[in-house]
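Per-chain residue numbering starts at 1, and chain names A, B, C and D are given in the order in which the chains are listed.
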Amino acid sequence: MVTLQHYLILSAVLFSIGLLGVLTRRHAVIVLIGIEIMLNAANLNLIAFWRFGPHLENFEGLLFTLFSIAVAAAEASVGLALVIAVYRHFKTPDVEKMNTLRE
Amino acid sequence: MPDIHPIYLVAAIPLFPLAMSLVIALLKPTRGRAASFLALLGLGVSLVLSLYVLKLSLQEPGLVQTGGFPWIQLGPLPVDFSVIIDPLSASMLAMVTFIGFLIFFYSGSYMADDPDCARFFGYLSLFAAGMLGLVISNSLLLLFMCWEIVGLASYLLIGFWYQKPAAAAAAKKAFITTRIGDLFLFIGLLWAFKDGGTLLFYYHGNGLLEPGRVAWLAGIPAPVFGLSVAGVISLLIFAGAVGKSGQFPLHVWLPDAMEGPTPVSALIHAATMVAAGVFLVARTYPLFVADPAVLTVVAWVGGFTALFAGLVAVAQNDLKRILAYSTVSQLGMMMLGLGVGGVGAGMFHLLSHAFFKALLFLAAGSIIHGCHGEQDIRKLGGVARSMPLTTVCYLCGTFALCALPFGSGYFSKDEILLAAWHNNPGVFVLGAAAAFCTSFYMTRQLCYVFPGNHRSHAHPHESPWRITAPLVVLSLFALAFGGLARHWGILEYLEPGFHAPEHSSLVMAVGLAVALGGILAGWLVYGRRALPVGEPDAVAVTLPPVYRFLENRAWMDELYMATVGRIWGALAALAVVADLALNAVTDWTVLSIQNLSRTLAIYSDRVLIDQWGFDGLCRAVRGAGFLSTRAQNGQLQGYLRFITLGAVALGLLLGWALLRG
Amino acid sequence: MILDNPDQLIVNLVQQGLDLLSGFPIVVLVLCLLLSTVPLIAIFPACFAITTWLERKGLARIQNRIGPNRAGWFGLLQPVADGIKMLLKEDIVPRAGDQLTHFLAPVLLLVPAFTVLAVLPFSRNMTPAAADTGVILFFAIGSVSTLPVFLAGWSSHNKYSLLGGMRAIAQMVSYEIPLVLSTVTVVMLTGSLNTVRIVEAQQVSSWVLGDNAALQILGQVLKWNVFTPWGFIGFLIFFVASLAEVNRCPFDLPEADSEIVAGHLTEYSGFKYALFFMAEYISAFAISGLAVTLFLGGWSGPNIRPWWSDDPQALLIPGFVWFFLKMFALILAMIWIRGTLPRLRVDHLMGFAWKFLMPLALLNIFVAGAYYYLPRWIGWPAGFVVLYVCYEWLGRINRGSLGPKRTYRYA
Amino acid sequence: MNAAFLILSLLAVAGALLAIRLHNLVHATLSLMFFFVALAGLFVLLMAEFIAAVQILVYVGAVGILILFAIMLTPHVTGENHGRLCSRGWIWGLAGAGAVFLILIAPVLLMAGLDTPPATAALSPSVREIGLVLMTPYGIALLVMALLLTAALVGAVVAASPPARDKDEPKP
């Protein structure tokens, strides 16, 4: 039987993988990929708590996830636009080299 | 029409101008005629509906009907959109659409040569929609939204000729100044929602303005001024009205707003929008009544504004600016009326003022139009000969404004003065003095503009019929409206349960005396002989300091520059100083460390060559610097790792707290 | 009697067959799975074969040629010949290309193309997956098909391919917006995302269940969404956007042969190429099927009750006949358009989606909302008038972005 | 049920790991898409069909494609990302991620009552029910979301559009 514990472990693993990507990768796009993975892991958590929680009829987890997906879509679009803008400025997608605030 | 519930009609009234503003914005008609036709069409439908609603309301004077639908749910509290029919909204609807229609008609000719005519009518329609929505709204939130739409339209229209720097600055000034009042209004709104639990005015006995809820609000003590919550909310609402209606000390934007096209001045900054503040107070009057102290504040602010603006108007030379100060003064009069006499007196003066002030502005526009854009009264003159029809209309407007017997202003101002006499003699004195000023500056203006010869080289000519026709219609109203409305019992209609204060011949005599006295004084000072070009003003000759004080509008703008502007500047300067100081400190630290290490290095070089102290000290200093720069290295992921560290620390703390129990 | 309801003949036969096996639930389960997938996998490739022949014949007639006429009667065996040829061809993979994704792309493209067929109601009780989220599921899975097209272009390591892939992404993402917005009207007025409910809402059930044959026929036709103002405009938007969504002419820029060889298909040959080809056609079937479901009444059509039957639900002509007839009518329209219209320029393509179709679809939503609340006799003409005015107005606004009118001296 | 969960979770973990591990950016994005799809499958297992559909529509159909588009607009058209994959100090990142993992996993393993079977629901909630809840008590959140998306749209356009050039300069 699959229980809440399994889902929580899975989402913890996924979240950590995403965090690892954010913290250790040089390429800005992979950093964004890591953020997406983290957001999805959080969504999984929300849905799992809703499914195993006592109030199935309230849909709170579902709606929260829905909003979080919308926010994530906005975040991805702005994030990628920033990656492009930053690339145009620094001529590199490497986050290590984006270390100045001026020219 | 009879089978449609009137509430739907009322809700539809603002939609027509709104739709037309959208259509004009989308179609962008290149010909001004098409845009003016569309705008007139939209407002015309609204006018017909409004008159129908007014008829319904007049047939059944006590009629109050509301209707709406829930918009959003905030926790347990619904926020509704709702509209209302009652005498207040019905009379305002009819006034706004009627005057608006005439002014739209007038603008069609006045603005015909402007290349941006379509934009003008789009804004104007938007304004009409906002104003009508404001009038019919039964919810403080909807009212606030329309209030802001109206403010936006006013901003856009003042800055309509945005190429002129003065117009752009005036638009900004109007927007920002009214925003101060709006902030207070918004706080009041939130407070009303918090303590009142609803934003609807009337809702089956549970509305904000209905006796039960008012008594409840009046029973809660507020943490400020020793007022009740009802008092504080009404004070905040009044602050909003002060901003919108140009009351002292937020009146500074209104005279500057005359930079907009003249029809805009007539419609927005004389007849309707600036009256919105007065209307708001009249609408929320039950809250004001709950705490009498607030009404006293309203009366005094109104009375002071009336006198102050009237005095300032005496020393202005711009045709429209004099009228603008006159508007401020009359708005103060309305507030005074609300403060001492109740809804009936204030609203009656609002309605009659709307007619004659719109008339005066439109006639002024006609004069300016005929004199090729000349606005300085010292350079105008002899208009009576070249523009006879406009002159007659202007005289009608002046007749009403000066409250001469049987004009519109006579009846409404008389009510206010009578109420003031009975309730608050101090304010009565202010009001009477303001009335004197009114007659005086109007006479001064007439003496400059109409008799004699032209003082400049322009050749004035009478305006076309599309401009003069609205003037004639409005003249009839300016002359007859007050008397007829009083005769038919407008006060009882506007304020059910109104009982007229005891009639006093003394008050009547005083009112007549100040009106005639002002005219007489004006005639003695200015009217006895022709005023030649370039001669200094008679008042300026006899009372130079007073004149200078008034000419510069009591230095209010300079005062604001010196206080608010100065404070802002000081804050900015302080920030610069702080920045420099910080820089100096850091520079000094770095330099001293550098110097210290250098001296030490030299010293050790000489004395303790190749000793551990030399290398060690340098390395320690470098290391410390290195460590501190490492924290600010611009490495994104470095920061992220620190954030992670923080998150881990928080997690551990949480776990520790949980384990502790 | 099983012949009482010819419409449900197949369904009832299957049901009785499964009833015989009710002792073996696992067998029933497997059979159910097979029965809802195998027909799709069998029928639609067959339709694909017929359509290739139809298209070549039709185009040939439009261009005053004869078309395939060697293999079989009227060239009917041409698809078979083509298939054999494709199978026997050498499969070439560019050496610099990405081997894995090059192989994965055609396979991945087929998956969504077939999967979306599952939500289409082919007839009463013949919906492979009657999900509550039907329409959104269709678009969700359909949106995946952008990815393999891009992968095909990218993995070929060829600039024409890559350009084709990029064009495909831009085009498909842009046209998905008017596509979905035009469906919103139907979903809004039906109050359901379920495709079966949407089809049922397009029938006047009291007339269909009644005894009057004329009313039965009318009841199955009159309430189609395409006969309402919003439905008509919605259908047009949907159809145009679906042309772009499946890269059909005049929106076939990703594979524009005069500009970028064959776009993302340049480096494909043999059977992989055939798979692409098939996936494209099956997507076209699927999206036409959805258009039929949403706007053209789905399986309902001018139909009467068989005279020998007492069952009020019975229908003489099976629903799927109507469904396929309407679907093929749309496919023929696509072929006709391909034979008639030249290809768009790429900036016009984007401008058309964002500046014309999207605003029109948004306005359409408002019109649909007003239509719902107004009495029919006002809403119907007023809707058409408003939408026509909007159409003209958008056209006038967009005329500026077309550039100066070109003249061709010798053409 | 068990097998489906196992397969999908393995797919998800593998997809996520490959997404941050692969050198080739396009391959990484592709495996991210597999991760998204696997997660949608898990949502279906959790009876959130609608969310699964939205997940595929938004993540696979839009976000993934957007990432590919962004990669194509940077110099890595071939997707090859030569050179070091990891940034300097990656070991600290690894330690941080490990620590976060431990903190997340500890309560899951230690707390009681997490291994209860789910409450039995006959069906996943219908779209109509979700829609009603979304429009009434969550109406204000929906409005805020609309505002946010509009702001994001404008922000993305502004951020990604090239800096304005001078009017005098001729257009390329």
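Following the convention adopted for this analysis, a residue touches a chain if its C-beta (ideal position, glycine included) is under 8 Å from a C-beta of that chain, and two chains touch if they have at least 3 such contacts.
For clarity, every value in this text was computed on a predicted model and none was experimentally measured.
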item: Winner on C-beta contact pairs when A-B is weighed against A-D; value: A-D
item: Centroid distance [mean C-alpha coordinates] between chain B and chain A, Å; value: 48
item: Distance between chain centroids, defined by C-alpha means - chain B, chain C (Å); value: 58
item: Mean-CA-position distance for chain C and chain A (Å); value: 35
item: Chain A-chain D separation of Cα centroids, rounded to whole Å; value: 5
item: Junction residues of chain D, two or more chains touched; value: 50, 54, 62, 69, 87-88, 92-93, 96-97, 100, 104
item: For chain B, residues contacting two or more additional chains; value: 635, 637, 640-641, 644
item: Junction residues of chain A, two or more chains touched; value: 19, 23-24, 95-96
item: Every chain pair meeting the contact rule; value: A-B, A-D, B-D, C-D
item: Chain A to chain D touching residues, read off their complex; value: 1-10, 12-21, 23-27, 29-30, 32-34, 36-37, 40, 43-44, 47-48, 50-54, 56, 58-59, 62-63, 65-67, 69-78, 80-85, 87-88, 93, 95-96
item: Chain A residues within the chain B interface of the complex; value: 19, 22-24, 31, 95-96, 98-101
item: Chain C to chain D touching residues, read off their complex; value: 98, 100-101, 131-133, 136-137, 139-141, 143-144, 146-147, 150-151, 154, 157, 162, 166, 169, 173, 176, 191-193
item: Residue ranges of chain D in contact with chain B within the complex; value: 87-89, 92-93, 96-97, 99-100, 103-104, 106-107, 136-137, 139-140, 143
item: Chain D to chain C touching residues, read off their complex; value: 24, 26-27, 30, 33, 49-50, 53-54, 56-57, 60-62, 64-65, 68-69, 72, 77-79, 124, 126-128
